[in-house]
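Naming follows writing order (A, B, C and D), and every chain is counted from residue 1.
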């Protein structure tokens, strides 16, 4: 994977805002990302090409020190879990976990076991814990019916979290395909300055949507081919995780989350029927203690009467579009289940 | 449990509509219910008091012959799963499964395994399958941290489904408590006649909410005690499953689902903060094939310009209230985890 | 109307929490309520029995000093306006106006004209203003097709706002009927103490829903008659306005708003098909300036990890139920359009 | 306006699907569009540059013969009205009206008066009527504080409805600006064939959003200038109306409505904070009678298991993007309120 480049390394920039230092969701201080990749070959042409990715809002106890979060369903043909409570209470109390569609349950169980180990009081005086898991269907390259992701793989992904986000065929992205080529994990970030304070917004995507004919090339808006082919393949999905250190509340985060669809659109997607397209977002600016220390908690949030929040909307659109392209630019050709092949995206298409 | 009675056997009727033959969700033809009860005593005072309940919309292949469904979140402090796709597509393609909060993942996995066995094409040309699971926290009586529900228990609940719905301390209801007494599973139904056709609406509830002080007694609206006690216990939850053979579409089912809150209210609940109160509903009137046979499908739905749908709203309110009372009237005193005791509801409170 | 009493004056208390001093939405400091009643008799049996009610969150410039607000649609068969922006931005920037269904437009125009007069910058650098108006159908007693409410009536209601809330046949409640009797405006409040601070929650309702057969009497849960009569009358509606001085954010206010349905249920409603049942809520604890003074604003909100918010849920249920009963207990028999008569609620039904 | 061209006349095509005969929302049989343009110059530099646009789903009695409809809020900073009932009941029973932000009330009143004239039973046995009105803020060119749109203008727009949709500075579009140039009304359509049957989807937009720097040129994805200018102007809005003759239900229409955001994104919008971006949609395939003739109604809907609905998603994206460009390509330079000028879009920017 070493010789594969990110979009910017190919000389293509998206948008007006500058990126963070790493051009990654981990440009948000405290945010780390871990991957567990699961690849083996089994008898009879069955191949395991799958994994787990964990996004941690901070390095402390995520259940005891929650962060404000939100979500948005672009297209709900999907099996993600944990959004009901996230929407009701406006807080995230687990890592955000990504995996394949039929492994949401084992990743949930593994994450619960990890959180039970860290918190003796869950299930007793602390109540229960809400785990958020997103998914895409990697069944083209992966023996998804084999349920090869086990609970301990979730723990491994969590424990491996760090600031260097590998992209492409890694973690939950191992077996994913996007826009007719190999997809997977991608990330990007944007920075703005508000009256002397720098704020960063980062996106991490798990890409598994679309067909070649859908592609809108960045910087040229050209299509690779323009004919409408009618195929009956599953439509794939995309999971989009947004993180920011800017102080936004859950309603503001939801507004930001909705703009992820605008970035997705610019790559050529129209959120096809079978594509479960889900956005999960959080701000690290405030921590909400599980056991409050008084009857009230104080917050400071960015105001909404001027262009500030609109800048974050644009930063979201830009970061999501670039993260998607990074997932494709970094991914390498993969041979998988039943000999299916997903080709890496050829850079010359971008550079013409 | 034999000597415990249902509310009607105690001479108390709720509402204006007549009940179905069984006064049960299984009065809807084709609907069956199965339970798997898990009760053991472990060393060190740990007790297993939990289980799984499965509601099957029909006896055929639920994935290949979907039913129209909907959901409504009364209070989203909960970990139910499967509602994102249910809302997006308006169809239910799995049994509705109920269990304890931390076992949603293993019940999901067990149900997925069951559906994979039944359908060779899931994960391949058929795409993936969406499993709907609801939950309440039985940690007062059950060693919930032990994760004692395993995937195979889900399959057992599904395979045991039949027309006789046991109530009280059974299946997912084994370890639940309600309104200060022992709760669990309850069911009830209502019938109406629309221009010569009989239609039935049934409710099945998993009750685990509220305190004694909340109780509003049916038929008298008296309270058992009126003092406001401030306690800091977990608030519990209720799962409400509604089924009907009346031809309603997904929007109409959602309207009906919202009325479940009205029935819940009449038992004394105000949907306390920590109570995950979720409604899941479906109609058996139409089946949606997984592989369509043509570009369109024909439907017939009840019209909405007169009192017909309002009758179903009232039937829902009545059936939910009565199902909750049945869950308490049928439940028996349970000694559980750490020696905690949940007392059965004493009938004399109703009869004064 | 002088000899009509409120529910508590008849010796009936609802719930566990104590009321505010006035048992009114105006127990929240700064909240005032104004009414404009429009009653005339026209030729050919046409009668005008309608009006406007205005709820003002505070006495200052409501557009320049917004309050945090939310809404909840119990049943959306209604023509209320202004909730789209209220939900998107989480702030209320106008009085909450109530009137009859076909007069929402003229009340909106009158309120816009009032706010334009107060704010030279609306339509220019301040952008536009969002007016929130709720409605019920008073066509049984009022010549609703005559569109007798004019824009200036809205201004009159706003300018007459004060702390004494008249109830029954007044303002928007003039021509409304409820549960088979005369309805209209009602109000009630509840108080709680959180670590030494008193907080008040008040409800004001415009009642126009239900039939005699629906009634659940407070304190006895008896019905007046139990037979199911099938009638094809319009189903009416209820508008519920909630105000509090407790510091809640827009998500928390929405959770509180949902509990209004629980209070409505306890009077016997099941939110019939044609009943537009809408909840509007706000907190006076924080003011959001139209022109911010810096990039961030600080807030303090009540925490959600204990029983505090559940207390507000119960206070809401109690205040809504009592406000509905106050609207009926205070209303007097009204003869209206085409000689239609709506009888006042006879107290003896309560006192048996 | 005669010498202004549509996008296709300039040689630029968007997307893969073919257009309808007129490339207009009126390619859907029965759909007609009417405009009322209001332009006068008043003393003191005040200029009236506003109007009303009416979209009629069919030529019959819209209240008595409703169509299935839905809506989607891309960004809710707006004062549109009528969506609460549209979402609850899934039917549209009025023309869709478009106007300026502060004139929603007078257009509502005018439309109500028109519908009262057509229907003696509204306000009596027929209940009340729900009018749907969308809006954008034309205050840059129009004396919006003057409230120059009166109720009779709404009626004039309705009565003038026909199959030829004028675009640009017409009707509600008279005073609107878009992406730094003159905007207004635009329309476009797409056609697909499903097993021998042709289905059309059309979009009509009222464009008033964005800045020059946002523009993404169609067919090249170039920007006109790439610098981020921070300005504090109001953000404008867009209203998007979608119509189809394909048989979709209200849930399916909502899914289609969400894809309008994808088309909007491709013109460069990221749905800025102050931009009220609303989608309204309907299908003419079925009529829902106000007074039903029996307890059930039969429907036929397009199936959702294959690529059919995804094609409609793409058609929506294409038609919305092209309709926006048509609104700009057809609009002419307008001098308005306080001498403000909105320049027409110069074609050479497209053709480089």
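One rule holds in what follows: a contact is a pair of C-beta atoms (placed from the backbone, for glycine too) under 8 Å apart; a residue touches a chain by one contact, two chains touch by 3 or more.
In this text, all values refer to a predicted model and were calculated from it rather than measured experimentally.
Colleague: Which of these, A-B, A-D or B-D, makes the same contacts as B-C in over half of the contact pairs?
Modeller: Going through A-B, A-D or B-D one by one, only A-D repeats the B-C interface.
Colleague: When I count C-beta pairs in contact, which pair ends up with more: A-C or A-D?
Modeller: A-D
Colleague: Please compute the C-alpha centroid of chain A, do the same for chain D, then give the distance between them in whole Å.
Modeller: That gives a centre separation of 34 Å.
Colleague: From the C-alpha centre of chain A to that of chain C, how far is it in Å?
Modeller: Computed from C-alpha means, the inter-chain centre distance equals 43 Å.
Colleague: Identify all positions of chain B at which a residue touches two or more other chains, and write them in rising order.
Modeller: 75, 88-89, 255, 274, 304, 306
Colleague: Mind listing the chain B positions that touch chain C in their complex?
Modeller: Residues in contact with chain C: 16-17, 74-75, 213, 216-222, 226-228, 230-232, 235, 255, 258-259, 261-266, 269-274, 304, 306-307, 309-311, 313-314, 316-317.
Colleague: Okay, in this complex, where on chain A does chain C touch?
Modeller: Interface residues on the chain A side: 88-90, 194-195, 197, 247, 249-251, 255, 289-292, 294-306, 308.
Colleague: How about chain B: which of its residues touch chain A in the complex?
Modeller: Chain B reaches chain A through residues 73, 75-85, 87-89, 101-102, 104-106, 108-109, 112-113, 116, 122-124, 127-131, 137, 139, 144-145, 147, 234, 274, 276, 278.
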